[in-house]
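Note that chain A is present in both complexes that follow, paired respectively with chain B and with chain C.
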Partner chain A sequence: MLQRCEACGSFAYPAREACPSCLSAGLAFVDAPRQGVLLAETTARVPSDVYFRERAPWRIGLVKMDCGPTIVTHLHADCVEGAPVRMSFQLDKSGQAVAFAHPEGETPNMADDKQWREMTADPKFRRVLVTNGRSMIGQEAVAALKAAGAKTVFVGVAEPWRPFAGEQLLRGQDGIEIVTLDAADEKSAADLAADIGGKVDILVNTTEYVRPGGLLDRRGTSIARDEIDQAYLGFINLAQAFGPAMRMRGADGINNSAAWVNILSVHALANWPAFGAYSASQAACMSLSHCLRAELRPGGVRVMNLFTGPVDTEWFQTVPPPKVAPRAIAQAIVSGLRGGLEEMYVGDVAEEIRQRLGANPKALERELDR
Partner chain B sequence: MTNTLRTPYDGVVIAAPVTIPYVRYSIESAQWWIGRALSTLVAQAGIKASDIDGLCVSSFTMGTDSGIGLTQHFGLCVRWLDTIPLGGASAIAGLRKAARAVQARDADIVACIAGDTNHVDSFRLTLENFSRFNQDAVYPYGAGGANASFALIARNYMRTFGVTREDVGRIAVAQRANALRNPHALMKTPLTMEQYLAARPISDPIHLFDCVMPCAGAEAFLVMRDETAASLGLTAARLLSTIERHNAFADDPIQVRGGWAMDIGELYAMAGVKPDDLDIVQTYDDYPVITMMQFEDLGFCNKGEGAEFVRQHDLTIDGDFPHNTSGGQLSAGQAGAAGAYLGLVEGLRQVLGTAGPTQVRNASLALASGFGMINYDRGLASGAAIFAGPSR
Partner chain C sequence: MQSNNLLELAGAVSSGAVRVVDLTFTLSPDFPVIVLPPEFGQAAPVRIQEISRYDGRGPAWYWNNVTFGEHTGTHFDAPIHWFTGKNLPNNAVDTMPAKDMIAPACVIDCSAQAAQDPDFLLTVPLVEAWEAKHGRIPERNWVLLRTDWSKKGWRDYSNLKDDGAHTPGPNAAVMKWLVEERGVIGFGTETIGTDAGQAGHFEPPYPAHHFLHGAGRYGLQCLCNLDQLPATGAVIVASPLKIQNGSGSPLRVIALVAST
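Right after this comes the complex of A and B.
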């Protein structure tokens, strides 16, 4: 994304309020062509900032974009002076969008670059906790994270002595460890954190509690209370149990904590009356996730929210397609961590709601009531 | 030579060059350093503070103060006031404005002062908060500061024109030799080419002796009309010409020249001299490679010939091209905005014959240049002045 002048078409960088070619104030951020050439590079060996001092030497460069501007940028180790590069903006550990130059083509072990890994939360080599192994999403997430090179995947299961479908995929597998966790139970979360809290580099919160219904056709508050207990208070229990140690371990060498992932219904953003109370519990979780993001930021730990439409599981049986396959969510978790993203929308329903919220939120509210 | 329609600086003179000796770290404020410079100006010129009716100040570390706050702080009542935040171009810019003010009789005696303190963390804070573009688009990239930014420029320049570290090192080594004769220079030990080349890398290709040492200090001079100077019995230098330019060559993808190259014809035409006529040259040496660029852009050689130029000339006080005779910022120290003044003030002492141990024999015609404000990827501000001593 770069600013482009709506009047004369020139691209501008760094971000500004007036076009340097024609002085128009109409500078909109657009997807800009990503190609450029690395003009010059340097390796900062004695940075003045404590973050970079710890990570020095640190390589940066100046890239002339084919579309015009020159950009000071972080460099992938395989970028060469005078050669073409492909640019992207990444969120750094402080949550700031920064330019990153990649070599134009693929190179061996490209994702293992030291500076690139600072910009992302790639599960490769890392230890991950998936909080609910009884769910389809949880089981697919374990498989995807393992396939992506995670060193260890801890899988939370409440009352693990009770059999469950898919158990054989988790038990006795190399690098997969079943642990006792009922996120809705404060003591269970705290007990597990006391045991493995210092070993969780990425936490994937797959807590799921889906019940249909809104306000008037449900009697009382007992189901609503369950939704809040499981999803919202469960999130709080996990955050209080694991958050402090993760925040402290954001710079713990190569075994540092890196990210927290929430899987949320896209109806957290716009209430879906057919699952109205559930939507509200998801909205509460989303709001809380922004608080968690702010509180983990000082430690350089990212919070990624993955928004999904109805999933192809039993609690959405009555909902017609399109629905999201649990495997698609698992793959999105991995690609979001690899890209260092803060937000992802998985599936057609989620993407549609994202777009319609931007275009006309009142129309969306009205039309969700069908 | 270029014709110029600009009004000549007839009758404008510069007097009372003042340097408050630098220290590496100071517990005093910028206001303290500027106050010492003002006090010394008054004493050296034999005037009363109330004779000063114009004030021009530059500083990075005055906090929320600007020139107006200093008038009350120092008990000055002036009718002309400016605060110039142009970093390394502040001295030339201040001189230009003050010259026109006294010429037009908006003021009679303008005190131009730059001073900065250097607390233990003030350099990093200046870096972190330098400009909006810097905060957004430079500091988050390794926080290498000016060293990293100029490293990119230096690397491209050196590769493009086949310049070696040894070529660039000649400038730093010669300046250290000059500094050994300046009792106020912070660097007090000799620097050999071997030591220069063996220095530790800071941000390739910038190594330790390519970097200035941030410090505290102040520099100042007075600008007035020649009849004012005569009535005060002050010997003064005549201002012959100046240039100033900002954001030049914006389409160059990476900086290989400064704004001087746009205005160089006018600089010499207005002064009525040629580069060869100059007795001494004081460039803005935040990095020696920037000095090499100035040798080209100020007309001493063509673009790309800077390395050959420094191989062919002796840049020391007794050499054939006396340059940065006080040791420059590289060896005397960089006292924030006072770094902009250092060359101009030393040049004034030279043409007035008061430079003492660094005096170049029979120096009467000098050029001083300024360069500053790496707002994003390049230095934006450039300027230069030519002035002559009474013997010319």
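Right after this comes the complex of A and C.
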């Protein structure tokens, strides 16, 4: 995204108050064409910044965008001077948006580039903990992460004495390790972290506890308590058990800790009374995720929130389509990690709520009340 | 009873002449709980959360907050737990007579049968055969069903299949008979629940709960170490927590056994 002048149409970078061509103040951020040419390349061998010094040599370059501006950018190793490049903005380890140049076409093992991997949290070669392997989302996530080249996927299973659908499939596979984890139990999370906390590079929180009902159709607080126990306190237990070691290991060589993924209901953003108490539990988790993001940032570990509408699982049986397939969520997890994203909206419902919330939150509140 | 007899008992406990057998599992988050269909309310699992452990939260002391459902771990069922006992007087753990917390036990060893068949059911003829050997079950005794189920790993212990749990227990006829013909004070098992895993399909459903609690009697479940008890002569001490209008509670169950 770059600023484009609403009057003369020219693009501006870095961000300005007024158009450098015509002095108009109407500069809106829009999706800009990504193509450019690498004008010059510099290799910093002894950078002054400690982060880059540890990773030196580090290549940066100057790209002339086809749409106008010239941008200082991080470079993929396969970018050569004078050749066309494809630009994107990425979040670096400190959470800042920075420019990154890729070669225009595909090159071998393109995603394994050292500088690119700093900008992303690609599961390839990494060790991942999927916290709840009982759910469809959990099992699809395991499969997708394994297919994406994760070295090991640890799969948390609460109450291991309880059999579950899909268990045999998980047990049979190389690189998939079933571990006992009841995220809602402080001790269980701590015990597992004692075992594997030093080798979890990506944590995918697949806690799922969906129950219908708001306030008046329920009796008492026991279901609400379960919702808070599972989703909110479970989140806290996981964060306290795994977060500190992940934050310490943000620069731990190639297999460094890289990301924390939450799967949240988009109704965390706007309450859906039919699942009203559940929505509230998700809102609490979303708020907590922002806290976690801030606390993990000093270690260079990303927090990605993936927002979804109703999922095609048992507890949303009564909800009419469109619903999100667990597999679509799993694929979004992988693509989000590969892209180094902080936020994703999966499916039509999630995307629609995001847009409507921006356009008219009170109207959205009224519409969800049906 | 003369007071020096009580002192004699205390002395015998102290000297080991009377053995104290702990029939209780450790109350922990790992212990299986009853699984109901998910649309019903569920027992809260056992949770133990540190308040402090000689640290900044409390430098000299260690303590926890503990939460659990009334029917978790080794636990006691009061008559109010079941609809059949809902209108009885003094039917909750806080109002039940304290004297009912101490009673002798008859232990029926069905471990061999249970090892063969997870759906093994205790029947009237089996109890009559036991009586032929050990004498008639006296009134106000506990009947404890030994299956050695408590020695299994948790997965085999809960033994959940697609159609529910498969664990041993009593059939309907024997429960009615024990309550009405033998006047037992209660019935205890090693499994999760006084009833068999498939007892929801019995007539009436959950007969141990139905008949025991309907007659103001009690249940004990998730017991262990029943193999250390004699067939007769052990005295059970089972005092549930005094929870206001409580339907049951985890508790420490001990047995006093005269050394031979």
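Descriptive notes on the structure:
In the analysis below, the second predicted complex is superposed on the first by the 370 of 370 C-alpha atoms of A that agree within 3 Å, B and C clash if a C-alpha of one lies under 4 Å from a C-alpha of the other, contacts with A are read in each partner's own complex, and residues count from 1 in each chain.
Simple rule for what comes next: contacts are C-beta pairs under 8 Å (C-beta built on N, C-alpha and C of every residue); 3 or more make two chains touch, one makes a residue touch a chain.
Source: prediction; values computed, not measured.
By the document's definition of touching, of the two partners only chain B reaches A:62; chain C does not. Applying the stated contact rule after C-alpha superposition, one finds that A:20 touches chain B and leaves chain C untouched.
In the superposed model, A:8 lies in contact with neither chain B nor chain C. Contacts of A:45 after superposition on the shared chain: chain B is touched, whereas chain C is not. Looking at the shared chain after the overlay, A:74 reaches chain B, while chain C stays out of its contact range.
Touch criterion not met for A:215: it reaches neither chain B nor chain C. A count of residues in chain A touched by chain B and by chain C gives the higher number to B. Looking at the shared chain after the overlay, A:83 reaches neither chain B nor chain C. Applying the stated contact rule after C-alpha superposition, one finds that A:92 touches chain B and leaves chain C untouched. Chain A residues in contact with chain B (one complex) as well as with chain C (other complex) do not exist.
Residues of chain A touching chain C in their complex: 159-163, 182, 184-188, 222-223, 225-226, 229. Looking at the complex, you find that chain B touches chain A at residues 123-124, 127-128, 132-133, 136-145, 147-149, 151-153, 155-156, 159, 200-206, 250, 253-254, 376-377.
By the touch criterion given at the top, residues 13-15, 20, 39-49, 51-52, 56, 58-62, 64, 70-74, 81, 92, 94, 96, 98-99 of chain A touch chain B in their complex.
On the side of chain C, the complex with chain A involves touching residues 29, 32, 35, 41-42, 44-45, 47-50, 153-155, 157-158, 160-161.
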